[in-house]
Amino acid sequence: MTATVEEHFEATVAADQRIEPRDWLPDAYRKTMIRQIAQHAHSEIIGMQPEGNWITRAPSLRRKAILLAKVQDEAGHGLYLYSAAETLGADRTELTELLISRRQKYSSIFNYPTLTFADVGVIGWLVDGAAICNQVPLCRSSYGPYARAMIRICKEESFHQRQGYELLMTMMRGTPEQQAMVQEATNRFWWPSLMMFGPPDGDSPNTAQSMAWKIKRHTNDDLRQRFVDMSVPQAEALGVTLPDPLLAWNEDRGHYDFGPIDWSELKRVIAGDGPCNAERVERRRRAHEDGAWVREAASVHAAKESER
Amino acid sequence: RPELARLCVALGDDALVMSHRLQQWCTNAPELEDEVALANIGLDLLGQARWLYTRAGAVDGTGRSEDDFAFLRSESEFLNVRLVELPNGDFAELVARLLVFSTWRLAVLTRLVSYVDPVVAAIAAKGVKEVTYHRDYAARWCVRLGDGTAYSRERMRAGLDTVWPFVWELFDRAEPDLRVEFDEVLGRVLSAATLAVPTVADRADVLGKVGRDGVHTEAMGYLIADLQSVARANPGAVW
Amino acid sequence: MTATVEEHFEATVAADQRIEPRDWLPDAYRKTMIRQIAQHAHSEIIGMQPEGNWITRAPSLRRKAILLAKVQDEAGHGLYLYSAAETLGADRTELTELLISRRQKYSSIFNYPTLTFADVGVIGWLVDGAAICNQVPLCRSSYGPYARAMIRICKEESFHQRQGYELLMTMMRGTPEQQAMVQEATNRFWWPSLMMFGPPDGDSPNTAQSMAWKIKRHTNDDLRQRFVDMSVPQAEALGVTLPDPLLAWNEDRGHYDFGPIDWSELKRVIAGDGPCNAERVERRRRAHEDGAWVREAASVHAAKESER
Amino acid sequence: RPELARLCVALGDDALVMSHRLQQWCTNAPELEDEVALANIGLDLLGQARWLYTRAGAVDGTGRSEDDFAFLRSESEFLNVRLVELPNGDFAELVARLLVFSTWRLAVLTRLVSYVDPVVAAIAAKGVKEVTYHRDYAARWCVRLGDGTAYSRERMRAGLDTVWPFVWELFDRAEPDLRVEFDEVLGRVLSAATLAVPTVADRADVLGKVGRDGVHTEAMGYLIADLQSVARANPGAVW
């Protein structure tokens, strides 16, 4: 019997078909998948903070509405993703505990501060852009509920990315101060965006198993290159300079070469001492703890109702 | 015409400032479902403010844009009721404020659906649908918290006491039937929540002047400073 | 013996000399005096709030420094006055408890909000102006420590009044928006300033005893008239209109006539439901309660030190 | 000259922003004596900022006034260290911040008393007297709280942990003897307070940039919005 379900799992994955919640799956796959989905969900929720920081201050009502809707979408993404994790037997409250006790990670990019309204645009352009590069292949993830969540999320992220880029275009047509703001925000977010693809392939121990399971479909370095190739012409169209003097088209490779990434920066931020790690987790913890009595009241009330 | 413009500005300001307080809840809600719901309500109100400002600028002859109204007026030109500008408290205070606000606004918008100005009537018709949802959201939470735990009941009671002194102002200079409708709805919700109607005293106006006259609380200046900070720091910028 | 000390008290007061802490004094005098001084102290402390509201937003560094120094002076006045009350056997902590439990009053003027930076100027001009009218006679109070505190306080208040008036002068020479701000603030503070002198004489039950004890030297209506007579030419020099259509020079009386005061407004604010009563007392209570552990630590530390 | 101007702006910004946080304590102090003391420290620092800005405007060739520096620059032009802009916590956090800040600033100003620019040297000489008092005030409270009750000791420890991750930035690109002096003073105060030197990790810069480079924390934008709100809303006004 065990042999049969295992064979079914292997065959499904090999045929590029999808594993569904009713299917048997190996414990290691379940654990890896829960961790991947949970970290993605945490990233959506923590990712609300740097952009949420500018909602009340957005300088036009149209941009305010766009930004509020975007942050709302991120809460929605978090919800789908926690639901997908729950199909694997995880519990949303437990996952939240893992986040606020710092036992699970979220994308390190959100540990950088947002310092001007241009950051909202640059996050849309570069951070959402990098996220999409990472996530499009996940729409073909071997785990069905995750793959379906990713299809919806990627569609919305592309929309956000276009809105971010459009904001930057508008700002680059504006005052010199606005142009300087866009350049400065680009300077701060370029390298952290490149780090969003994770460590270099030689230093990424889980990649092989994840690719075999079709949880992951491209290496970190492949995706990073794709992102760079995509971003350079976008930066040119915008009129901003990417902060890398070594960035240059390589005719032979058919790709842009770029300068060395400061991996010690990424390690430090992942380790927890980045510019905003403490604030991000603390804010999430406070919201969770402040909301405890509300959630308790709701469940007590529901119990009363079901007794009536 | 000046009365129509004034009506649009007042209702627009209520919506914008209430939306601002909801925006400040973002990333602080007790559950993700509430993050989504509160952002949604904030977005609806922001949308109402935008339509109303645009209409005000068209009818008052100034041709001001929605952004001119939001970002280039001084505090005393904002005509919102004081209820919406109060500093945020806990979730029960938010529920109390939203319940009071949307019950009142729904009654107001319902009457405006047949208003003489067709643009305002259309904005009101759209608003009725939205605010009906807002009121239901607040009423459901009010019942859950009032008829939940002993602690949540006490928080809900305290939340209502915090906002109640500002309720009279919503009906100042209004037709009496508006208050009757409001009291009737609130009475039903509070009864389902096993809570009494608050008995705290009204908060005084300032020598006869209230939010609708541009006289606000001290919290308003900080809200405006936040709202307008980027816009004011970049004169001439287009976003 | 008792007859002797009573005679001494009566004689001292009659001769316009000062009662000192070492002197015997009637219980009723002590109680009245403590209440008067405490309410004055509370007014200084609560009065820090409406002006303190504008320190961080003061639009020039010079005005910021002036305002911060003024609010600091008010804290200092509160300190002298509580000390004067302590010479009569009162306890500062108990007096603070009476304030935050709303069993003792403070000047009702501080229950109005400050809504623009012009309010800072108008409070200096009108509110400090009215306070000085009330307080100059108190420099001759029969109770020595209070009289001496008042001399110092009046000197500083006059300085604050001039600074407030000078701010308004500057603003009236400024943009139309600044001029409108000054007029609007004047409109809001004029009537409450007139109410600072208390109810009309016919309605002021304690006046006779207080005047006999030389705790009070002029009736409410006398002081109010003096303030109106002083303010009208100041308003003219400033170029603002006082919001009273009945204000007019009365040749026969040699004083300005003014319109009827809305005493129901004053009663409502004194009763506790004015625009800011709840916030003012709540803020003071919170500061007091938040500071409890600090004060306790200081006293425990002092005890440890004295044991060493 | 550009270096001199930059020095004046950086030290002026530290003083202005720290003063701002002290201003926000106004009416919230644990005792009236502390109201007076904190306002006094805030005033001293405000005065230092004014002199330093005036000097900066004179030497950088722009002729900018003290108010131009305070009210018309954007966040990224403020060069203060991040320590001073952190949101206010409880009284122990204030004591910790003030102790760290004034110990550091006193060491800096002491060296500037013999600076080549006579104006800066004079400002520093006046500042040394003032900041000596600030440091003593903070040190006394640190000892009282550290060696007070169990609760106050825990608060004082937590306050130090809150500010400590930002201490390294004060000594970034500075002569090493400055840090030696700082550690020596802090060591003595903490020892009298029966507290250990914090061991929390440094808070990272943003890709090598810190407050002195105009890269701040998210709290700074709100501080600037508050600081500049009236000035920005009234362009062309004189106060």
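The first chain written gets the first letter, and so on, giving A, B, C and D; residue counts start at 1 in each chain.
Just so it is clear, contacts are C-beta pairs under 8 Å (C-beta built on N, C-alpha and C of every residue); 3 or more make two chains touch, one makes a residue touch a chain.
Values in this document were obtained by computation on a predicted structure and should not be read as measured data.
When the partners of chain C are compared with those of chain D, the chains appearing in both lists are B. Should one ask which of A-B and B-C has more C-beta pairs in contact, the pair is A-B. Taking each chain's centre as the mean of its CA atoms, C is the chain most distant from chain A. Between chain A and chain D the centroid-to-centroid distance comes to 37 Å (mean Cα coordinates, whole Å). Centres computed as Cα averages put chain B at a distance of 40 Å from chain D.
With touch defined as above, residues shared between interfaces to two or more other chains in chain C number as follows: 57, 177. Among the residues of chain D, those in touch with two or more other chains are 74, 221, 225-226, 229.
The touch graph of these protein chains has some other shape, matching none of line, ring, star or complete. Listed by label, the pairs of touching chains are A-B, A-D, B-C, B-D, C-D. Considering their complex, residues 74-76, 165, 201-207, 209, 215-218, 220-221, 225 of chain B touch chain C.
Those residues of chain A lying in contact with chain B across their complex are 45, 48-49, 52, 54-65, 68-69, 71-72, 75-76, 78-79, 82, 117, 167, 170-171, 173-175, 177-178, 283-284, 286-287, 290-298, 300-302, 304. In the complex of the two chains, the chain A residues touching chain D come out as 50, 53, 57, 112-116, 177, 184, 188, 191-192, 262, 265, 268-269, 272-276, 278-279.
By the touch criterion stated above, chain D contacts chain C in their complex at residues 16, 20, 23-24, 26-36, 39-40, 42-43, 46-47, 49-50, 53, 66-67, 70-71, 90-91, 143-145, 147-149, 151-152, 155, 226-227, 229-231, 234, 236-239. Remark: chain B residues 74, 221-222, 224-226, 228-229, 232-233, 235 touch chain D in the complex.
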